[in-house]
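Shared between the two complexes below is chain A, which has chain B as its partner in the first and chain C in the second.
Moving on to the complex of A and B:
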């Protein structure tokens, strides 16, 4: 028999400096697999992850893997439109990739906003945490402070290679997006293609705290 | 960090990287175990040098190798008469499109690129540039990161800091100071690596240089800031799509698959990584002979060959298809290349074969090989926050194209947007029904008019000519299939499963949709006919004189009446293009007898 399910379609951006492991994170998350020979992303790549969030909710995450090289920015930023969440990735072994995080965040916030004008949820990923760390990432309380100050939903130390914290980070981002949906629900009737959320439906929107792993 | 510290950090990083490549593997470089090629790999390496996860059970390319060995003699003869063949290249062209024998690829690629002449003119320049790069190139870090992930599944590039990785690093570094307008742009490493599979280090450098600045290829305009040539080529690709594959173009537009998403890698790498490697080599043979117009024609050819698959897919699956499945396609390379030549003819007739020579903004402005000290920003690799004027123009052009497409779609009231077409994260109510796709009553026809059918196998007219199917039936088919085109459901059953309960409102939001890609879904051929032999229950009301309620199906016939005759219009000479199903080639539908009797 037919049951009723709510299905959400979310566009998520994965951005950050060249070679920080964006593609590896996506492949690990979507295919549960890590390979040493992923190729550089030229332009934009795309992957889909379907989540059975709860018995009544299916979430389709469209993950947009954006090339990290600066000169691709003018082409790839066109595709920021309509994103509802983002990961910014840096490489813990290279402090310069962390320096660039704030530029990526500013860039993101200037290109895409929520319906009410606020920035879209963004989780910071400190990737390659299986290797030797360099810089601020060695000081978790400082990182928490940094994230609060820069408007990140939270941060996670991740390793696509060792499969550390990828699921957790995604869960945090999706929870935040669902929460935003719920909050925005009231003034979201302009678009006839949108069907309002069932107000009784559980959005499972536990606000995620910026928490780091003990990796 | 202050400026001085940043400069020191950047200089140290560069020195460390350069040092690693200079010393190579032997100096105790730290590498992962997988980066050390073991003897075992020689069992799992294919004829082009790619390492596979499992041992290759049997070499199925023996025949191909034999054909190439036969051809080698002819090619060696051509090499001797090269000047003649270059002047009147008809025979050369014919043979190039059949594929240069792999053992002679390096030789002929070098000749097509005039490497001997260039090298003589530029004696000593490569070494000079390489030495400057090691000291100064601000692109060293990016190049290092990309060398580390360029064709690591190829035997030549597996070994970290191995000989070919050193060569790749050197070429890209040297080029980054040789042509400061480009420096290093992602996409170049795959091309340089491909060249290194067939040439030595210096030859590959000049080959890369020829591809970038020779007016036959002019890749300079792709790689410089703002990508002006990319924008121009994407516009041209759109023109071709609108003219020759309008339905596919609409379909892609409706699903938000912008030209900018899928053609960037096609043009930047001349199809490397987006088609099977052996096919990419064939495309490169043609590219090196005929130049930039091949890029345009291959794009059209691929979409034409795969259009039937693409027409059936929604956004997620279209992108997966273009990114991954096309690279695994098992379509015969010869057929693709023959089709490519026809596409080039077709485009030529329509005067769309060539987007024109590069305008000044795509051409190099600075002389090559003159060293200027990088700026502070370049040295420390800091991002500039402002776009250059050229970048802004390019971005605006892409945004504008996107807007125009969206406006066009909105105007097109006949085609409402299907669910999932946009990616704005809106919610949909979806009825997930487990009962869809059960046993169906009645014969079911699926005739998909939404495919650009310049070469459909069976024309609409020929269906009308069938002896059993009445005109009334035909109208039924088209209404059913029109809703297919709207919801793009992979499940062809869903629209017709509840016919007995009367016409169902088919709206984009209420349409069930395949939740996961269904590679095993029934492949809707151009004409699909289900003829059930048992009467389903409850029996639907029988038609009289072809008078049917809208969108219901022909009612089941008793078994002795269960006979269909299909006439196939063999006169249509349009069908030259082979059809692909799930990456496998399906032979063109040809019949000796023009009638099939289905009993």
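Moving on to the complex of A and C:
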């Protein structure tokens, strides 16, 4: 009653080459633990992270952990639908996974856009930074430049194992999404994304929060 | 007498010196025991009393256990008993202890390992020694086929037990309430053995090591362990202390009230433990029943079915037996026959492919940037080989046998590499590692490859592993239609919550449920999948949805999707199969024909798919 909470549901993709640690990052972020023993992801796995963003805002992140094998590329169109943000993950110990980042970014941008047609916010994660690094990631200014050029919201050196920077990266992505929301909804109060994603779901529990989604 | 002294040495290993309160509490756990304790407690000093009580602290469970005199129960165990006696003599002469000081000495001296061994002397040592023996051999000597088989059957047999241990139902407390150190305990030993066919060479080796080798003695010791059910002496050390003297005394009322509350709590705890013990006993009986059924089935499979496979396999009786699950020790043989070898894959072909895969791997690791390869499909194949390496250790990681350095790492690697060379047009696709692993767990390497190649050549898997979108869509559509027929409520709910079949069915089909289900249940699904063909994949999928219908109807998109990609650990095979039995699939082939033609018409990619799956093109052999 006193403070009506606004609630957002965001679909976030986690993509990148096979074995770069996508699942590990998600498990660390959502369940606060790390294991060497994750199974290979086949198709897609799901996770939910609830953020108490500020006293008036709850954010639910629906994380889509997508299998890394390039072969599955054709299937990902379905998975990308209605996503509002993405992480692209590469493995700092394998330069080839960094080389593939561009490909993933292009793939993402070609398959999903914001309502105004611009690319969805995407943060680059240089994972396994607790280990010996290889390639451009050793040169942060160059990485900044690279991200600017390729249209990334930003980049973070992360380690799911040592819990480095994962919260921070998520925070950066969510901030950007919120900002986009604000800009977009200056002239439009309806948010098709969230309604489509949440047709009958959580709104039941906390009644007409639907309108608050629209900010 | 002897037993008591044995136990006393074990008590001495206990680093939590139990106080009197614990003791009296545990004495209640078993009435026959309690009288001896109370008698003693009047005349005997505390530390002596403690030594007489067969309590042992298990470092695994962090609980005190009462040890019951199992050996007495069966005269067949006399051998073990004798050896125990001799050991006891050594023990008592060396370190039979009386004072607290010495007790602590002993505690620091006794290594955990020694403790375990001495505890298992009479009943389980044969397992512990053999297991570690096998593991070592498996790890050290990979080239020895026979030993690999040994370890294989050990693991596949163990599946049941692991599941029991992992299942949430058997929480820490119940799991530990069986004799002492469970891994080496008798009950485990019995289960694993009785699930094996009697003429398996495994048994032969086991009995040569074991002092209680003959099957009869095993049976009797099983029953003895039932009679002397171990009970947790103290799981939570709840002790009512007197009020410290420096504080004002409680009022009489208060005192009485506290005492009453205390007794209620203790009583509740005991009740819970009794209940857990009852549940455990029931599970155990269930388990024994299952094992007996399996042993019986094994005999039938070995004597009546396998020798005259082609003539009897389609009989109703056999089909029924098959539905109930193939006993783990004949599973590999049956699968091999059921899958067949339509492609005529020979061991020689496999050797050639393995060699190629290894060569390829060498060039990949030597020159990572040789994109100007000689063959056109080289870069892709290289990628395949690299991906395999990344995925192997992520295949059933909980079994810890496919990791680098694990006994099955090389086999899985070779098999998948060989397939990528055998079918470069398909290469390696994620999901294959799970299929190959399941086969490897149940049969020899070469056999597994033959099965793997033939299995993947079936139309449904071929479509999925070639990522033929049109055909995949056709299968999804068939599934949705069957779901609408069989489970209209779920179908409607999933439609509303946008939970489309591709999100969960993909994983199920790629791995034939190996990833989503507990391993033992997955194997049973495989049994019938190999009997009934791809149709059974969809039938099982619907069976799963039916089994969890009520839950699923309450889930939103995300919870539902999470649930379906990782089914509960306690998924019960019998319940699942009951559920599956209710699913009607009559329209399957008609629907498939219909959707295939519509999907193909709209995309036109069909021809390339099924033609090649029919007329297989193995690699050029030079």
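Note that in this section the second predicted complex is superposed on the first by the 184 of 215 C-alpha atoms of A that agree within 3 Å, B and C clash if a C-alpha of one lies under 4 Å from a C-alpha of the other, contacts with A are read in each partner's own complex, and residues count from 1 in each chain.
The rule we apply is simple: a residue touches a chain if its C-beta (ideal position, glycine included) is under 8 Å from a C-beta of that chain, and two chains touch if they have at least 3 such contacts.
Since the structure is predicted, the reported quantities are computational estimates derived from the model, not experimental observations.
Peer 1: Check whether chain B or chain C contacts more residues of chain A in the superposed model.
Peer 2: So, of the two partners, B touches more residues of chain A.
Peer 1: Is A:15 contacted by the first partner chain B, the second partner chain C, both or neither?
Peer 2: neither
Peer 1: Check whether A:46 is in contact with chain B, with chain C, with both or with neither, and answer first, second, both or neither.
Peer 2: both
Peer 1: On the A-aligned overlay, A:126 touches which partner chain: chain B = first, chain C = second, or both, or neither?
Peer 2: neither
Peer 1: Is A:6 in contact with chain B, with chain C, with both, or with neither (first, second, both, neither)?
Peer 2: first
Peer 1: After the superposition on A, what does A:75 contact: first (chain B), second (chain C), both or neither?
Peer 2: Both chain B and chain C are touched by A:75.
Peer 1: Show which residues of chain A both chain B and chain C reach, each in its own complex.
Peer 2: 18-19, 36-46, 48, 62, 67, 69-72, 74-75, 78, 96, 196-197
Peer 1: Any idea which chain C residues touch chain A in the complex?
Peer 2: 368, 383, 387, 390-391, 394-398, 427, 429-431, 433-434, 467, 469, 496-498, 500, 502-504, 506-507, 510-511, 515, 556-559, 561-562, 565
Peer 1: Within their complex, state which residues of chain A touch chain B.
Peer 2: That would be residues 1-11, 18-19, 36-46, 48, 50, 58, 60, 62, 67, 69-75, 77-79, 82-84, 96, 99-100, 103, 106, 177, 181, 191, 193-197 of chain A.
Peer 1: Applying the document's contact rule, which stretches of chain B touch chain A when the two form their complex?
Peer 2: Its residues touching chain A are 9, 32, 34-35, 142, 145-146, 148-153, 185-187, 189-190, 225-227, 230, 258, 260-261, 264-265, 268-269, 273, 315-316, 319-320, 323, 380-385, 387, 391-392, 394-395, 398-399, 402, 417, 420, 422-435, 508-509, 515-516.
Peer 1: Which part of chain A faces chain C closely enough to touch in the complex?
Peer 2: 18-19, 36-48, 62, 67-72, 74-75, 78, 96, 196-202
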